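Can you read through this structure? Questions will come right after.
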Amino acid sequence: MYSFKNDYSEGAHPKILNALIESNMEQEEGYGNDVHSQNAISKIKKLIGNENIDVHFISGGTQTNLIAISAFLKPHEACISANTGHIAIHETGAIEYTGHKIITVDSNDGKVTVEKIQEVLEFHTNEHLVKPKLVYISNSTELGTIYTKEELKVLSEFCKSNDLILYSDGARLGSAMCVKDSNLTLSNMCNFTDAFSIGGTKNGALLGEALIIKNENLKKDFRYLIKQKGGLLAKGRLLGIQFEELFEDNLYFKLATHANEMANLLTKGLEEVGCEFLINSPTNQIFPILENKQIEKLEKKFDFHVWEKIDNTRSAIRLVTSWATKKEAVLEFIHEIKQTIYSENLN
Amino acid sequence: MYSFKNDYSEGAHPKILNALIESNMEQEEGYGNDVHSQNAISKIKKLIGNENIDVHFISGGTQTNLIAISAFLKPHEACISANTGHIAIHETGAIEYTGHKIITVDSNDGKVTVEKIQEVLEFHTNEHLVKPKLVYISNSTELGTIYTKEELKVLSEFCKSNDLILYSDGARLGSAMCVKDSNLTLSNMCNFTDAFSIGGTKNGALLGEALIIKNENLKKDFRYLIKQKGGLLAKGRLLGIQFEELFEDNLYFKLATHANEMANLLTKGLEEVGCEFLINSPTNQIFPILENKQIEKLEKKFDFHVWEKIDNTRSAIRLVTSWATKKEAVLEFIHEIKQTIYSENLN
Amino acid sequence: MYSFKNDYSEGAHPKILNALIESNMEQEEGYGNDVHSQNAISKIKKLIGNENIDVHFISGGTQTNLIAISAFLKPHEACISANTGHIAIHETGAIEYTGHKIITVDSNDGKVTVEKIQEVLEFHTNEHLVKPKLVYISNSTELGTIYTKEELKVLSEFCKSNDLILYSDGARLGSAMCVKDSNLTLSNMCNFTDAFSIGGTKNGALLGEALIIKNENLKKDFRYLIKQKGGLLAKGRLLGIQFEELFEDNLYFKLATHANEMANLLTKGLEEVGCEFLINSPTNQIFPILENKQIEKLEKKFDFHVWEKIDNTRSAIRLVTSWATKKEAVLEFIHEIKQTIYSENLN
Amino acid sequence: MYSFKNDYSEGAHPKILNALIESNMEQEEGYGNDVHSQNAISKIKKLIGNENIDVHFISGGTQTNLIAISAFLKPHEACISANTGHIAIHETGAIEYTGHKIITVDSNDGKVTVEKIQEVLEFHTNEHLVKPKLVYISNSTELGTIYTKEELKVLSEFCKSNDLILYSDGARLGSAMCVKDSNLTLSNMCNFTDAFSIGGTKNGALLGEALIIKNENLKKDFRYLIKQKGGLLAKGRLLGIQFEELFEDNLYFKLATHANEMANLLTKGLEEVGCEFLINSPTNQIFPILENKQIEKLEKKFDFHVWEKIDNTRSAIRLVTSWATKKEAVLEFIHEIKQTIYSENLN
């Protein structure tokens, strides 16, 4: 049974495993002070074209979000997030555990707009309500959609002029950046946000996210906060080595491009048989709408999430591809769905 | 320069790396629901001889302590710890961040005694003070000392009869258990405590601690709490695979035994030249007292922590060995120290 | 300028001030262990007809909500509240500060229904999401509406069968209970909920809410939690004396009845001139919809909140009455509004 | 039975009750925006001689400490306090609940010294430990001792040059300032600290502390934080009116002077019969050491705390006086103790 369930089903890209083996018996400083972490930080700074940023490696996405957001906010300050945002739903109240309210705005496409933020600001005007201070976006979003460079610029300017922190969760940033014809760069991400993450876990690493902090006011004592939340790995080399590899020879972008291509291939195959989609996604998560009968048949050969009931006979499923997705599996899925439809027609 | 600075200077035991490579392209469930994690849990249950325990794998020691303790306590309940305890000093207030006071008791050897706990209980008797509820011990301790089986039994009985939770931080449990002539088993640890951890990071793994929960009242919904604190790795297989290997063919205990033997060899060599020690440690951390001049010379060839000033001419240093420590390095250190003393005498 | 802005514009009912003066030089135990607090507790237990409940006096409503909810929940557990709920909006994220998410359900009338709770439960089914555990209701609600005895029974049974805690915020419980023809008793409130508060501040006291805890599992060590959050007043007598008076000769209910009557009088006068209302409220908060021009005129003589824009020419205002509201002021308001309409017609 | 148990056994000074009655039916804005609170703030600013300070009224001492400290610190920052400090012992872990460690320094007299703070700073030098950021002192201390103007100046300068916040808990500030020959002024308190409180509860009010914030960096959005912790009373007038009275005609200082005089009278009487003291206290708390037999006899006529066992036959007791302490009761206590000694001698 082949799985399109998520982008963390396999281990790490072989180059990463190789690098772990080669460096294994080196004696290194702990807690991210090793040469590999320092080297990876240099590479990222060079890629972004900014030596004045701070870069921290943290083990996972929820961990990164909760450390960053709780470090950036004072106790009465709140986040604004799309109602589909990972922090708003799928992190077991991690942000609230650190004491901060998440104000959700309704969103059909996983994205936050200036209009929605404006409404929140207009409502929250005195000390009986929380003070909205940070805008959380994810790029690509939980629905596979992306913010274009232009959209990010608009958000960025609005946040700046309203004294709001713009933070981007990049668990799937690679996928967002490697969409065909995208001209979004890491340098853009850095310019437009106060802080953003570059996800490793879902793009070829065993684990690890890089957190980039540009805003000077948010940098101070940040390692204290990573340590306090249990995010400072003793063998920090494990994270450093992986990001060293991911940013060698554009591996990070090659892997994300492969993931997107595999998803696009699935999309194309599904479109060919007339399939509709819950939402139009150019990235590595797609949401085709299928007959429940079809889904049942597909489930015998493939693993995936049934995302949402559409009506009594149809549901949207989620298919996720990754750096490790095999083209043959994609073709087989398309073949299977064509068969399914063919046999449907016979009935 | 060879480092005796800590037991997390190198990567992982080669068997672990091997297992990562061999399993790399398997598609597994995320978040610890993979077959490797389930298999590692079975192995640990078998070793302990108790099928009714819960086992969770968590990325690091601070993370494990903070998740466990904040899950076990109500807001007004406090921990009791030796003033040398890791949670009391070296975790950047991680436990306090979760809202709980740590009541420290003075300790010369890193250990907590029934007498000291009794004093705390007698002082904390009403709602204007916190309610002591959990006793935190580390075995081996931050000073390299250990609790014997008999000492643990006494602590355990006292805690039970005073409605206190006994929690043992096992970041270096291997080293404690593999001390020569020790008869402490994992089964004992389980019987004597309500919950305890088995450290991987400092005994051959890239990262990871196993948390064992025996007390029924402490088990419920524990995965929610791991997730909320950012401790549930998407690729949980990374932890499962490592513990699978560590508990195959007694690898865990072999590695700890090697670490202890290397430390014992250092101790013996130092004793031969008349060296005194800050404390008598049978485990992989030792604390010899040296002339400052000697320390300066040794620092040119070896890396280690200067632990504590003793007087104007002498300091205690900390030497830490691990599964990866090379016997030649140990012998060279001993040789060097003998040379140092010889040349000292010439002056 | 007469104020209908809220129900805490004046000081305390004269009987309360009198009792403060009479008892002033008595030497009493601190922190609620005084004879007045004990006496007030006895009265409340007798009124409820249950000796096994715990009663605590706490200074304010937000304080009561945050102490109770944070005491009742484990870190990963969440509240369900109407989106209009006081804890969801007007407490500056007090509940989130204690670490708990509030899951809001849409509500037009300020009330939570079994259907809405059911939807929340169906969505929150695994450890990546918070665990809904407590249902927060306010009676009367923030929109002046009430839960009838029958509605509370239905909610109560649903919560019991779904292992949910039902907690009722009674900042305006008096007003809810004293609605004409209501047969809701304190005894009912106790039977239907796990814990509920009886508000003093908005019904004649200087400050103070009584928190009633019926559910045995929620009682333990509660005074520790009041103290920890700064809610245990040194001169706890101040709260005890006030509740002694409020529950002497039904003063509490007489005051709430007066408040409701004044609001009903306003409603009747407004209806006579054809006024529409945002919502049908039988309690001491009403929400008439007026022409903006009318509002401007009224604002010259009366103080009140403009609640919500209805369209380009009309808004809803909020009028609040209390134990202290003067009938003459009500009649003058009605007179004024009739004048306003008359003069409007002249234009 | 007359009580010397504490300084909050009686209600409020009659002038305060009077003011409550006179203002009772005024309609005022809620949440501290009433004219009385504004007027009290003006008086305090004038007394201090600084218009640029912020003044907030909060219901109790623990509440004030927890709101202030949690507002002033970032998550990884810690307080330094004497081990006798109220926040360190008698607030049920309120500060830790807000996430901050309290680093205690040993103290025999309830006071913190520059030397002790220096030691803490020297130990806490990296991100594995908390960052000491705020020095908590209480004046007068929990042992009745005081900081002189000169001592405060030294502390203040040290804190400034080490980037530490100096915060003074003034639950008994009146008593400290009204010690005979003291030349400490509110203006001094303001100059020497970043923030300090002026206690009302223990000096004539029903409840209430004034928090003074001088440091600009600590002022922002402070009302949000009061509200979030449940400290913003709906009828904030209750606090404003009391402080208006306390700072009219020097009432606050007259009351504290009376309390001190009564304690001094007790001290003198006890000294006359040769009594020793646990510590030399010039304020309203004294700690005489008595024979256990004497204590038993005194307990039949007076209420007080037995503070600490001295040896097998003697204990220290705590006697507390207040604005309400009657001179006759003091004289009777002295008479009784002389009798006791006389009858002792007869045996």
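Lettered A, B, C and D in written order, each chain numbered from 1.
Please note the rule applied: contacts are C-beta pairs under 8 Å (C-beta built on N, C-alpha and C of every residue); 3 or more make two chains touch, one makes a residue touch a chain.
None of these values were measured; they are calculated from a predicted model.
Chemist: Of the other chains, whose C-alpha centre is the longest way from the centre of chain D?
Modeler: A
Chemist: B-D versus C-D: which interface comes out with more C-beta contact pairs?
Modeler: Between B-D and C-D, the larger count of C-beta pairs in contact belongs to C-D.
Chemist: Can you work out the whole-Å distance between the CA centroids of chain C and chain D?
Modeler: Their C-alpha centroids are separated by 34 Å.
Chemist: Could you tell me the distance, in whole angstrom, between the mean C-alpha positions of chain B and chain C?
Modeler: So the centroids are 52 Å from each other.
Chemist: Using mean C-alpha positions as chain centres, tell me how far chain B is from chain D in Å, no decimals.
Modeler: 43
Chemist: Touching two or more other chains, which residues of chain D qualify?
Modeler: Chain D, residues with two or more chain partners: 75-76, 91-93, 97, 99, 127-128, 130, 224, 227-228, 232.
Chemist: Give every residue of chain A touching chain D within the complex, in rising order.
Modeler: Touching chain D: residues 31, 70-71, 74-76, 99, 127-128, 130-131, 221, 223-228, 232 of chain A.
Chemist: Under the stated contact criterion, what part of chain C meets chain D in this complex?
Modeler: Contact set of chain C toward chain D: 2-3, 6, 8-12, 14, 17, 20-21, 23-30, 59-67, 91-94, 97, 201-202, 206-207, 224, 227-235, 237-238, 303, 324.
Chemist: Quick check on the complex: what are the chain A residues that touch chain C?
Modeler: Touching chain C: residues 75-76, 78, 89-93, 96-102, 127-130 of chain A.
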